[in-house]
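These are the structures, in structure tokens.
Okay, so chain A shows up in both of these, paired with chain B first and chain C after.
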Partner chain A sequence: MGCIYGLVALGFVLIYKATELVNFAQGDLLMLGAFVCYMFVIWYGVGYWAAFALAIAIVALFGAALDASVLRRVIGQPQFAVVMLTIGLGAIFRAFASMTWGSEIYTLPTPFSAKATRVGGVTISHEYVSIIVGTVILCAVLYAFFTYTRVGVAMQAASQNQLAAYYMGIPVKRMFSLIWAISAGVAAIAGVLLAPVSLIDINLGFIGLKAFAAAVLGGFGSIPGSLVGGITIGLIELFAGAYLPHGFKDVAAYVVLLAVLAIRPQGMFGTVGRKKV
Partner chain B sequence: MPRALLEVSNVETYYGPIMAIRGISFTVPKGQIVTILGANGAGKTTILKTVSGVMDPQKGSVLFDGKAIHGMDPDRVMRLGLSHVPEGREVFPFLSVRENLRMGAYTRSDPGGIAQDLEMVYEYFPVLQARADQRAGSLSGGEQQMLAISRALMARPAMMLLDEPSLGLSPKLVKEIFDIILRINKERGVTVLLVEQNANMALHIADYGYVLEVGRIVMEDACARLLEKDDIKEFYLGVKEAGVRGTRRWKRKKTWR
Partner chain C sequence: MRFVFKTSYAQDLGLFRDGVQRNWYLALLVGVAVLPVLVPAYVGDVSLVFIYGLCGLSLMVLAGYTGLVSLGHAAFLGIGSYAHVYVTQDLGLPWLAGVIAATVIAAAAGVIVGVPALRMTGVYLTIATLAFALIIQEVFARWDAVTGGLKGKAVSKPVIFGVSFAGDNAFYFLCLVVLAAGLWLTANLLRSPTGRAWVAIRDSEIAAQSMGVNLAVYKTMAFAYSAGLMGIAGALFAHKIGFLAQDIFSVLLSIQFLLMVVVGGLGSLHGAIFGAVFVAMLPVMISQARDALPAMLSQPFTLFGKAAGDTVFLALDRFVKQPGLEPGIFGLILVLFILFEPLGIYGRWLKLRVYFSLFPLYKAATFRRQKAYMRSERLR
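After this line comes the complex of A and B, so read on.
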């Protein structure tokens, strides 16, 4: 569970770092990813892996289109406008999903379903293994992309100093669309990985709020921080469910969020004032 | 006079309602160094930003190599061969020096040529080679300036726009950097438009100069002749003559109105 929070938080952070927008529709992109995958598997009988890939591609394209058509216009507007806009977009996505796929709850059959491995006396179902392995692979891929490829380094450059990136001939606007695509793709991956564990319905996206807590905990703007924050939130939830009275599990993330904002607003890995304007 | 590589005519640029550039025309001939002098707030940086496409002029035209470039996005202007070295260096602080330089060559796709230019840049500024793996943000001001110039050079530009390369540097470093600018111009044939407050250095390396005051060009001439003018000597070079003049002479005469 923590890994999922981490992945969604990663999506938040990627977009925030590059464009200074906070995308509250991140969780709903996750929901769309899960639904698209479900649609391909159940309606069209596509294999799980192919549907997985299709879901990533479609949601990623959708993210890029979203940036090019809507979000590019609000760069430079007050944060408030952006927050309202993305929350609104999230609501539209949910409405779209309930019109297209209905508001029932679905299960997504996967190759991992109902299998389990015993590791040193602890039984882990393969669905959870898939989440953890998926997260690790994804992080490795993203890390390699941002460190070793020309486009990846250019994206870092564009987020560190937008003006200078323009001077270097880096097409900054296209970079931002690409960031949105990656971020949406990450959300879709998280959605598909999550689907077998938590079932698919249109409110899957509300996990985004907990992931937001994870991103804040990790220090908004820090990629490793978002993952660590996600895992931490996941663990806190787990222990809250086990040791605290019933009901604490679901509020634990927000309690942590409040505590972090009150005590250490920059988060665990955040740095204060490193951005020169 | 050689053909003009950059031709700016009657440009007016605004910051919101404020007119920063009040109708300016100048040309930069191919292969030369042209400097624009002026005090703080004269509009020097705005001119460069207008040329490189960061700001769009309200009126007037900017021709680069005969092509209209006003209103173009800066990344497209840059692809035409016009590199801008911004004021205050603007390196990518969390990338290494080498990555910064590679970003300079972002628009190119000839690995051999890029490697060759990397060597060339290291030859101009050996300190960058020594610091190749450091984060650019950890460099000193002078080193960052060297990096910014080198990064622009990595694009193999036909022309460079240099915005106050002397800003915040020691006199010795300024001398060093200007020598290299001169070398780049002579050895690589890169045309340079140099915007400076340090009039002394700028006039000594440039071929032709313009003097800018509150958004207007008030004087222009070959640098050798500008150096001889009394007003320039007094107000830009700080050479004091006997007797105190209260106001700038050309202001009193209002020769440009």
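After this line comes the complex of A and C, so read on.
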């Protein structure tokens, strides 16, 4: 569970790192990813892995199209406009999903379902293993991408100063579309991995709210931070459910979020600077 | 174009620009006062508009004037509602005591959120208020003794100093009076040094700070005032809906409030009211369109035979009866406003007015917004 938070948080962080926008529709992209995969597996009888790849591709393309058609227009406007815009988009996605796939609850069969491994007396089901492995691989790939490739560095440059990056010959618009595609793809991966554990319905996107806690805890703008934050939130929830009275499990993440914001707003791995006037 | 030539300081201090403007507002007040006679069927909906107007006012002070965007205002509304109902019904105190308690408790909650919020800027604050709202919603669900928990709580009709406001019309005027008082108070506050300081904080925190505005004090004040107004609105809201349940005060309601100030036009009191009219009346219009649209749109298809018309009717009917449609429409409107009219309905009205008062000389560039390509919130 913590890894899923981490993955969704990763999506937030990617977009924030590259475009300084906060995407409140991330959770809804996750939901779309899960639904698209479900549709291919159940309705069209595509194999799980093919459906997985298709879901990632479709949602990533969708993310890029979204950037090109809608979000590019608000670049340069106050950040608040973007927050509202993505909230609106999220509502549209949910309405779209409920119209296309209905508001029932679905389950997604996977190759890992109902299999488990025993490691030294502890039984671990393969679904959870798939989530953890997927997260680790994805995180490593993305980290390498941002640190070592020209495109990744260009993205970071574009985030810090769009105009300067543009003068340096970086195609800023294409960078932004690309980062939206990557982020939407990550959301789709998270959605598909989450689908067997939690069930698919149109409110799957609300997991995005908890992922916020993870992203903030790790420090917005830090890729390893988002994963550590996600896992921490997952563990805190688990322990709150086990040791605290009923009801604390659901709010534990938010309490932690508030505490972090009040005490150390930059999170565990974040950096802050002062604005020059 | 009218130009007011000022000959005394009293003109500068007046609430209205000139006599004409004052008369227009008086005419509006008269119009609103006779509205229940004109459209008796919509009295309930219009009183909801007034309550939403108060909510819009509250969020406008915070988001539109101080620049602190909150996604948790439904929580303050809920605190006001539950406080009012608890004080008047469980403790048996008079109505006014309930409203005062609602205001004070909500304002105190505002301070509790506001103080840690001093360290946050921009989107962090939005996230923090969102988290606060989610926690408060859980509190509403669990605190059985006060809130009735998941079962909810029935609300009786308001009785003020022995006078019952149970009727729709009486409640309508109660809401109207409270809204007018709230508007008057807020308009005056915004003209005072406090309001100027808020606007200065919105435009640039650093500049405001260097001019001697104490950020901590004024931000907390903005939070407290906004939450207090929300508390009053909550007291009325409780009577309006008649039954309190914790899932009413959800994030979706907060989003609706934010939609209200954005659609109305950020940074104007008119905008808060326009937005309230829009958000409160939209569900009414949607439900009417739901009944009327399929028949209307399928009419042309009957030319191709009755079967074609029926098919289109059924398809449309099924489409508009989808349960998820309404939030989707809200989202769509939000997106369209942000993209095409960031100044909201009030901004559109302002443009129209300027267009006609400058008639042949209007330039679109008058309202062009400056874009900033290096808006790093990290460095603030």
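Just so we're on the same page, the second predicted complex is superposed on the first by the 271 of 277 C-alpha atoms of A that agree within 3 Å, B and C clash if a C-alpha of one lies under 4 Å from a C-alpha of the other, contacts with A are read in each partner's own complex, and residues count from 1 in each chain.
FYI, a residue touches a chain if its C-beta (ideal position, glycine included) is under 8 Å from a C-beta of that chain, and two chains touch if they have at least 3 such contacts.
Note that the coordinates shown come from a computational prediction; the quantities given were computed from them, not determined experimentally.
*Asks:* Could you let me know whether more residues of chain A are touched by chain B or by chain C?
*Replies:* On the superposition, C touches more of the residues of chain A.
*Asks:* Applying the document's definition of touch, where does A:171 land relative to chain B and chain C: first, second, both, or neither?
*Replies:* First partner only.
*Asks:* According to the stated criteria, A:163 is in contact with first (chain B), second (chain C), both, or neither; which is it?
*Replies:* both
*Asks:* Based on the superposed arrangement, let me know which partner A:216 touches: chain B (first), chain C (second), both, or neither?
*Replies:* The answer is second: A:216 touches chain C but not chain B.
*Asks:* Kindly classify A:50 by the partners it touches after superposition: chain B alone (first), chain C alone (second), both, or neither?
*Replies:* A:50 contacts neither chain B nor chain C.
*Asks:* Return first, second, both or neither, reflecting whether A:137 touches chain B, chain C, both chains, or no partner chain.
*Replies:* Touch partners of A:137: none, neither chain B nor chain C.
*Asks:* Who does A:154 touch here: chain B (first), chain C (second), both, or neither?
*Replies:* Only chain B; A:154 stays clear of chain C.
*Asks:* By the touch definition at the top of the document, which applies to A:257: first (chain B), second (chain C), both, or neither?
*Replies:* Second partner only, chain C.
*Asks:* Common interface residues of chain A with chain B and chain C?
*Replies:* Common to the two interfaces on chain A: residues 160-161, 163-164, 276.
*Asks:* In their shared complex, at which residues does chain A touch chain C?
*Replies:* Residues 20, 22, 70, 73-81, 83-85, 87-92, 94-99, 103, 160-164, 202, 209, 212-213, 216, 220-221, 247, 250-251, 254-255, 257-258, 261-262, 265, 271-277.
*Asks:* Which bits of chain A are touching chain B when the two form their complex?
*Replies:* Touching chain B: residues 150, 153-154, 156-157, 160-161, 163-172, 276 of chain A.
*Asks:* Considering only the defined contacts, which chain B positions touch chain A in the complex?
*Replies:* 52, 54, 73-75, 78-79, 83-86, 90-95, 99-100, 102-104, 106-107, 151-152, 155
*Asks:* Which positions of chain C touch chain A when the two form their complex?
*Replies:* 63, 69, 116, 119-120, 122-124, 126-128, 130-132, 134-135, 138, 141-142, 204, 206-207, 251, 255, 258-259, 262, 319, 322-325, 327-335, 338-339, 342, 369, 371-380
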